[in-house]
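Following are the structures in question.
Heads up, the next two complexes both have chain A, just with different partners, chain B and then chain C.
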Partner chain A sequence: MQRSTLLKYKNYRYFKAASLLVIFAVMAYLFDQSATGAYGGSWLGYLFGILSASIVVVLMLYGVRKRLAPIRTERRNLLNALSPQQKVPDSRKREANWLRHHGATLQGWLSAHAYLGSALVVLATLHTGFQFGWNIHSLAYVLMMSAIISGCYGIYAYLRFPRLMTANMGGIGTFDSLLLEIDNLDKQASIKSLQFSDDICAIVLKARQGTRIGGNLFQQLTAYQRNCPTSQAVQQLQVLGKNLKYDQLKSFDDLYSVMAHKESLVRRARLDVMYKARLGFWLYLHTPLSIAFLAALIAHIVAIFFYW
Partner chain B sequence: MTEKFKIAIIGAGPAGLSAATHAAELGISHVLLEAGQHPANTIHKYQKGKLVMAEPAVLPLRSPMAFAAGTRENILETWHEDIQRYKVNLRLGAQVDGIKGERGDFHVTLSSEQTINAEFVVLAIGLQGNINKLGVQGEDLPNVQYQLDDPEEFKDETIVVVGGGDAGVENALALAQQNRVILINREEEFSRCKEGNFLMLQAAIKAGRIEPRVSAGIDHIDADTENGFLLRVVAKTSEGVEIINCHRVIARLGASPPRKLLESFGVKFPNSDISSAPELSEQYESNVPGLYIIGALGGCPLIKQALNHGYEVIEYILGNPVVAADEPLLKQKISSFNASCSVNEGLAIIRRNAPILADLTALQLRELLLESCVLTPRPNETIFNYDDYTSSFFSILEGELAVFVKAKDGSEIYFQTKAGNFFGEMGLISGRRRSATIKAITDCVLIETPRRSMLKLINSVESVRRKLDEVSMKRVVRNCLTNTLPESELNYLLQGATIRRYKAGDVLFHQGDKADGLYLIRRGSVIISQMTGGKEDVLSYVITGNYFGEMALISDKPRSKTARAASATEVVLLKAPVVIAALERNTDLRDLLAARYRENAHDKKMIEPQGKPGNLFTFLIQQGVGEATDVLLIDYSLCIRCNNCETACANTHGGISLFDREAGPTHGHTHLPTSCRHCEHPYCMQDCPPNVIHRSVNGEVFIADGCIGCSNCKNNCPYDAIQMVAVDPKFKKPGLWQALLGGANHDEKNRLPDDDLPKKAIKCDLCKDNVSGPACVRSCPTGAALRISPEALSLTMRDSSAALE
Partner chain C sequence: MIRCLFIQISRNQSGQPVRKELLVTGEAIQIGRAAGCKILLLDHRVNFHHAVIRRSDEGKLIIEAEEGADITIDGSSELSAGLSPGTHVLVGPYELIAETPSGDYDLVLSAEMVHPLPDDHEHIAVKQAPVTLAGTGLSKSRLALWLAGAITLVFLILPMVPTLSPTLPKWAANSQASIKKSWQLGEMSRGHQLISAKCDLCHQKPFEAVPDKACESCHKTVARHIADKTLHANVFKDMRCGECHHEHRGEVREGTQNAQCAACHGKIKKQNDKTKLPDIRDFSKDHPAFSLAFKTGHKDSDVIRIPQSERTRLVEKSGLKFSHKVHLDKEGVSSPEGDTVLECRDCHQLDKAGARFRPISMEKNCQQSGCHALNFRPPVSKRQIPHGSEQKLMVALREYYATTTVGKVAAGEKLPCGAGAGAGKNQLERALDCANHKAYVNAETLFKPDGGCGECHEIIHVADDKDVPWKVAPVSITSHWLRNSRFTHAKHSTAKCTECHDKTKSEKSSDVAIPAIEKCRECHVGNKPVKNRINSGCDNCHSFHNENTLLSAVADQ
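Our next item is the complex of A and B:
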C-alpha cells in the first residue's frame, strides 16, 4: 500500500498553482516599467503585498485546521434522531459522498501550505523590491524567511524519517514493548552475571542503572549518551572474557549475547526517540516564528497606512 | 396442627414469588412454602455478579415483582424488598412431602410433620431441585459437585468440569483464572452454548487455559488421595481411556422434572421421556383439579415468563379472564393490516400467506411477531435501496413489489414478487449491502423481522432454514452469474447443488485437484492463489455475489489455483457435469464464463508495494481483514507518528481515542492499527443484552444509547476494538488557544477514575455523524491514514501500482 506523499498530492495540484503564481509574478516584475521603480508602494508592489498577505492567511489557517477538525454538528443531531431502521435522505448521501471525495483533507491543506509557503519566498521578495533596512518591515521579512526555512526542514523530515523509523523498529510492536524487552534483558543479565567475579557484576549493574534513553534535546536529537554504560559494558566484557577459565566460557557467552542484544535494542530505542525528536522539534521554532511573523506583518500593514 | 389457607404456593422461585406477591397484593390468604433457606434459591446459587437477562425483551412484565436485566445481587435485593413490602407469607425451610386431596380441600404435608390445608395448590418448584447427576459410580463422592457458587473460592486446583452447555462453559472459564481446568463435553463441538461463551471458550482453549475433551464422558470416579490429589477420574474419550487425577469434579448437566414426586401427587405426564413436562390445561391446571403447575416445571424456562405465570395463575384461580401478556401488542400489530380480526385469526393469516413461517409453533410465531414490525407501504414507496447497509428480513403478506437489480455491467433489471414470497435474505446471510432496490407496486403488507430474531429462527427451526436456503440458492445463482437465466435453466443448474460452509483459512480446493464444480459465494470472501517457483502468489480476492472455479470446468483440466476462505464463507456449489451440460445449451452463460476465463488467463498478480518482503494481502487476510468492511491502514512510509489521528478521534468522541495507532502489526510499510473493522457479521452484535449495537444504512457499526456495561461485546471482539470506559459527559472540545498551547492532546487524563461513572462500551463509529467522514483519516497531515474495504484494496493492488488517493 503506497499512498501519495504530500508533495505529490492530487497530482501536484498545489505545485502547479504555486508555480503559476511565481511565474506570473516574476514576469510582471521584469516587465514592470513604473516610474517610481520597484518598491512596495508601487501598484505592482501593492498587488504583490496583497497576494502575499492572502497567502499568509491561508498558511495560518492550516494551523487552525490542524487543531480543529470541522464537525458538522447539525447533522449529528439529525442522525441521532434516526433509528437504524430508518432511511438517510439521498441528498445527505450525495453531500457526504462529495465531501469524502473532494472535500479538503488535512493532507491537502499541508500540501498547499508547503507549496504556497515556498512561493512566498519569491512573492514577498519581489514585494520588497529588494529594499531592506533596519525597520519593522524588514523584520517581518526576516521572520517570514526564518519560518519558511524551518518549514523546509519540516518537509524534509516528513519525507525522510518515517521510512527510517519503520525500518528501525522492524518487527517490534510499540516503543513501550521495546522498553519492556530491554528491561527483561537487564533482569536476565543481572542473574547471569551473579556467577562471575565482582567486576563483571559491577559492569552489568552499571549498565542496568546508568543507561539512559532520551534525555535532553541534544541527546534526543543525536541518539547519543556519552560513555553509555551498556556500550562500555559490551566492550569491557570482551576484554574480561579473555581471562576466564574454559568451563566458564559457555555461561559467559550467554551473558555476553544478552548484553549485546540489549545494546542493539537500546540503540534502536534511541534512534526511535531521535527520529521522533527530529520530526517534532522544528515545530517549536516554526510555530513561534510564524506567530512572531504574523505580529510583525500586522505592524507592517498598520504602519504603511501612515505613509499615505 | 393444621393451618388453613386459600392458596398454598410451593416453591419460592420467580413463578412462586410472583404468584404469592400477587395474592398478597389482592389480600388473599396464602402461604409460600420454600424448602431452601433463601427465596429464589436458584438465582441465589448463581455465580457472584452474574448478569441475569430479561428475555424476551419485548414481552411486557405483569407481575407486581419488579424485574429487569441486572446483576444477581441487584435482582435478589429488589425481590427481597418486594417480599417485605407486600407482606408475603413466606416459610423458609418448609419441605413438602406430600399433597393429598382435591380442589377446595388439599392437605399439604411438610417434613416437619405439619399439615397445611388449602383450597388450591400452586406448584412452582422448577427443575433445579432435581439436578441431573453423572449417573456413574462415584457421583456422590465429596468434591463431586453439581453447582458452583463462587469460582474464586478455588485456587491452584485441577478441576474437571463436565458439560458443554452455558453453565459448564461459564464455570470452566471462571475457574480457569486460577486453576487447571479440563472441560469434558459429550458432543464433538460446543454448539449448545451461547455464541459469546463459545468465542471466549475458543480463545481460552487456544491460549491453553482450558483443556477440552470432546466426544468424551466419565466412566467412573474413585476417591484417591495419593499424589496430592483427591479424586481419580476415569474418562472415555475419542482417543481411548484417560485417567485424570484431580481435586474436584463439577458437573453441569441440566435438570429434569422431579417426576416421581409429581406422580405421587397424582400428576400425569404425556409420555415416558424423562425431560417431558406434565400435561396442563391452558389455565396451567394439571389433571388433578385445583392443582396448578407454573414456571420452568410448566415448560417455560425464562424468568420473565415465570413471573407472568405467577400473576396469571392467581387470576385464573379467582376465575378472572386473563388475556396473554403479549396479546395487546400483537393485536396492535395485526390491526395495522386487518383491524377486525382477532390475534389468533391474524396469526393464521400470517401462516397462510407467509409459507416460510408456517411451521413455527404458536409461541415462536408470537415471539417473532412481537420482535418484528408490520409495514404497510403505499404504491411506489421504497422498502430499501440498492447499496443500503440493512439486514432485516421481509415476508410479504399482501400485495406486489418491484425488484430492481443492478447487473454486473451496470444495467438495471426489473422483476416482480408478490404475497407468499420473502426478500432481504441476501443481506441477512452475506452481511453486505443490499443487492437490489425494492419498491411497492400495490398497497402491501410486509413483516420486517430484525436480523437477530431471524438468525435465531434460522438456527432453531429446521424448516425455516430449508425454505430459506431453497429460495436463496436460486437467487444466489442469479446474483452471481446472470439475472437473465430462465427458471427452467435455474432449476437445471441447481440439480445436486449444495451449500458448503468454511471457516477462515479453510481450503475450498487445492491447485491440482480435480474440478468438482462452480463455486458461487453467498457469504464471506475467498482468496485465489497460485504456487509459482515454491512461492505462493495471491492472484485475486473474490467476494460475496461472485463466482469462481470456472477455469478448470471450461478447460477440463485440474485446478490451476488454490482457493482459500478469507473469512467465514458459505458457497453454493453447482455440480461440474450439470454446469458443463448447461454451458453446451445456453450460449449466454457460455459467453459470460468464457469472457471471465480469458480475463483470468492473464494471471495478474497482486502488486507488492515497494517490493517489500512477503505478501501484503496474505498478511492482511491472516490478520482477519477478510471479514472487514472498512479497515484503518496506515502507510508507515508517510506516517510522522504525530498521533493527530488519535487526537482528532478523541476530540470527536468525548475525549477518548477509540483506537490505538501504535498498537497492531506492521508489514513492510503497511501498519494495521488496533481499531474497529466494521465486520460483515460483527462479533460485537452477537450477544448484546440490551441490543443497542446496530449497523447504520451506510454500514457503520455503532453502539447506541442504552449500554448496560456488561462487556460482552468487548469480550467477543477478536480485534480488541472495544473499550469499557467511563466517558465524561462534560467533555468539551479544546478551543484553538488551548490546542495551540498543547492542551489538546488526547491523553489518559481524559479518562475518569474508575468509580466516578458507570463504564460503558465505546467503539469506532466511523464518525457516522460527521458528513466529511472519519476524523482520523481527515486529519492526517501526511495522508498516511486510509480507511478502505478489502475488496477495494485488492482491486487497487491488482490493477496498478498507482498510489491510493
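Our next item is the complex of A and C:
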C-alpha cells in the first residue's frame, strides 16, 4: 500500500516529470558549447541553479504542507460538524474537486518531494560543473546531498518497516497493550516464584524490576539491552530447575513458561520500538540537514551576488 | 515459649487500615516466605527464612536475621536487636512494629506492607525507559536551529560585515581574508593571487558586477579586440572584462578559451554578413590556409597578406639576390679560410624572446668571416669600399683617386687619364678631374647588374642623378610572416630547420619557405584531444587583445 501511494502515485506522475527533467538537463549539459565552459556562472549553470532552487522551494513547501495537514483536517472536520447542511458554493466545490484530482493530497506532495529531491542530485551536480572546494558553495552541496541521502533512507524505511511492524505486533494490538501483557506476566511470575528458593525469587524479581524496553538512542535502534534480566532469568531458571524436588516441578514449569512467554513479548516490544526508531530516526537528520542546507543555500546565493 | 499476637495490617479501598490478628506461639517464631514460617510474609523481597524471634540468654525477646537476609531496626541495618515496645523492624517491604504487650501476650507485633510494588499502568517496570526518540531528548528543531544559525553567522553575516561596516574593530578587519575565503568560488588565478585577500579592489560595490574600471586601474594598456572603435562597440556592446576573465576558477582551461573564440568566430558570417573573416571553430577542421605577410614598404604597417593557397603570388621582393643553395652546399662554400660548410644558425640567430630571428646585416653576417669583404682589387690598401650608401661609396672612390692623382702631379708623373684630358686647366684641376673620371669608371663597374654590388643587390639606373646615376634597390627582408599569430621558434627546437623551411635547393631570394598549415597539423590538433598530438586552442597562436595585427588582417583580406 505504501509503495502504491508514494512511488506509484498517479501512475508515476512525478517519476516521469523528474526523469524528463534529468534527461533534459544531462543532454543540455553534454551538448552545451558555452563559451565560458561548464560552471555555475554560465547561462546553463544559472539555469540549473534557478531550477534547483525552485525545486528546493517545492521540497521545503512539503514540510510546511505536512505540518498544516492535521490543522486542515481538523478545520474541515470542525466546519462539517458546525454546519453540515451549509450550502457550499460551486466555485469552492470545483476548487476542492480540482485539488482532489491534481495531486494536492499529502501523498501527492510526498511523491513529488521524493522524486524531485532525487532529481536534485543530478541538477545541482550539473550546476556545480563538477567544481568543488572548501567553501560555502560546496558546503551547501554537501548538506543538500546529505539531506537527500537521509531522505532516500526515509523512503526505504517507509516502504519496509510498517509491514515488519504489523507482522511483529500481529495478534497483540497496540504497544501499550503489549506492555500491559508483560506487566501481567511479571505479576504472575512474582506470585508463582514465592514458593521457590531465594535464588529463583531474586532472579524473577530482578527480571521484573530490571528489564527495560527502549532506552537510549542506541538501545532503541538496536533493540538491545545489555545483560537483559529477563533473558538471563530464562537461562538461569533452566539451570536451577534441575535441582528442584519432584513435587515442585509442576509449579516450576508454570513459572518457566510465564518467564519464557515474557521474554518473547519483551523481544517483540523491543522490535516494535526498534522499527519505530528506525522509521523515525532519519527525520532527526533529514529535517536539521534540510534547514541547515536552506541556510547554506541562502548564504551561497547572497555570496555569489554580493561579490558578483 | 513465646506467645505473640501477630497483627497483619492491610488497607481497604479508602485507605483505612484493616487489622487481622493471629496468635502465634513457639520457642522461636520464624519470619519468612517459606510455608513453615510462623509469620508468613508473602513477597519475593522477603527471604524464604528471613528472621527469627526468640528469647535471649537473659530472657529478653530479640529478633535475629537469618543468614543472607537483611533487616533494618529503627532505620539502621542490624543482625539482631531487642524487641522492646516501639521497635520498628523492616523485613523486605514489610514494617514490623513491636507494640506494648497486653493481656497474656509476650509480644504484640504488627506488620504492614509499606513498600508495595507499583500496580498501576503508569508504573509498569519495563516502561521506565524512553520508548520513543523524542523521549531520549533528541530534537529536530533544536539541531536545525543550531546548524542554520551557525551557518548563517559564519558564512553569511561575518563575511559581509567588513564590507558593510568600514569602522569595524581591528580584529574583524584583520580576519576578513579568512572569513571571506569561504565565499571564494575556487582558486584565484595565478596573476591575481597577490591581491586575493583584497576583495574590495575588484568587487567595489555589493551586489554589483566587477566594473571594467576596476580592471583598468591596473591593466592600463589592454588593446581592443577590433581596432575599429565603432565595430568593436557594436560587437561587444557593454560586455565586461569579467564575462571572459573568470578569476576565481584557478587557471582557465584551454578548451574554455577555444569555446569563447568559437562562440563568435564559429559563425561570424552569420553575425556580420559584411565580414571577410571565415568561420572557424577548430584548428584541425576549418582553419583556413595561412596568409603570409609580405612587406611593401619600410613602415611596420606596410604589409600585404597573401594566402598560401595562391602560390604564384608568393614571391618575396626583398631587393636582394641570394642563393641559399650555394651557401648551404654540403661541400662547403668558399671563404678566406677555405671551403666552409654553413648551417642555418650561422646567419639566423634567435632573438632574446626565442620567438623570431635577429635581423640579417652585411656587417654581422656577410663580412664578419671575411667572405664578402669589399676590398679594392687588386688590393691597393687595407681600405674597404663602404657598404650601405651609394653616395658614401662615390665619395670614398673620389677620395682614393684624388689622393693618387694629386700624388702623381706632385711627383711630376703622368696622370693616368691621358694627356688630352683637362685641356686649359691647371695641373691640380686636371688631377681632380682625372680622379673623378677614374672613380666614375670604377663605380660603373661596381654597379653593374651582375657584378660588384649587383652580385647581391638589384641595381636601378637613375638617369636624373648625373653624379651617382645608380641606386641599390632598397632591402626589405620579411621577418614576421604570420602577423596575426604567435610562433616561438625556441619551443620547436626539437625539429631541424629544414623540416619546416626547406631552403637547401632555393637559388633565389624571392623563394618563400614558410610551412603550410598541414605541416603544423602533423603535430597539433584542435579542440578534441588525439593521442600523441598536441591539443591546441586558438590562444596557442592568437591573442585576443591584439587590435593592430588584426587591423591589417581586416584591411588586407
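The rule is short, and it goes like this: the second predicted complex is superposed on the first by the 268 of 308 C-alpha atoms of A that agree within 3 Å, B and C clash if a C-alpha of one lies under 4 Å from a C-alpha of the other, contacts with A are read in each partner's own complex, and residues count from 1 in each chain.
Operating definition for what follows: contacts are C-beta pairs under 8 Å (C-beta built on N, C-alpha and C of every residue); 3 or more make two chains touch, one makes a residue touch a chain.
Bear in mind that the values here come from a model prediction, so they are computed numbers and not experimental data.
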Touched partner set for A:R13, first chain B, second chain C, both or neither: neither
First, second, both or neither for A:P162, with chain B first and chain C second: first
Chain B versus chain C as contact partner of A:G173, first or second or both or neither: first
First, second, both or neither for A:S197, with chain B first and chain C second: second
First, second, both or neither for A:R67, with chain B first and chain C second: first
First (chain B), second (chain C), both or neither touched by A:R267: neither
Which partner, chain B or chain C, touches more chain A residues: C
First, second, both or neither for A:L110, with chain B first and chain C second: first
Residues on chain A lying within both footprints (that of chain B and that of chain C): 175, 276, 280, 287
List of chain B residues in touch with chain A within their complex: 373, 382, 384-385, 388, 390, 392, 448, 609-610, 616, 633, 635-642, 644, 648, 651-652, 662-666, 669-671, 694-698, 704, 733-734, 736, 739-740, 744, 768-773, 775, 777-784, 786, 793, 797, 801, 803-805
In the complex with chain B, residue positions of chain A that touch it: 1-6, 8-10, 63-64, 66-72, 75-76, 79-80, 84-88, 92-93, 95-96, 99-100, 103, 105-107, 109-110, 157-158, 161-163, 165-166, 169, 171, 173-175, 276, 279-280, 287
Touching residues (chain side chain C, partner chain A) in the complex: 33, 35, 42-45, 47-48, 68, 117, 121, 124-133, 135-136, 138, 140-141, 143-149, 151-152, 155-156, 159-160, 163, 181-187, 199, 203, 206-210, 243-244, 246, 249, 252-253, 255-256, 259-260, 262-263
Sites on chain A touched by chain C in the complex: 33-37, 39-41, 131, 133-137, 139, 175-176, 179-180, 182-183, 186, 190, 193-195, 197-198, 201-202, 204-205, 208-209, 211-217, 219-220, 266, 269, 273, 276-277, 280-281, 283-284, 287-292, 294-296, 298-299, 302-308
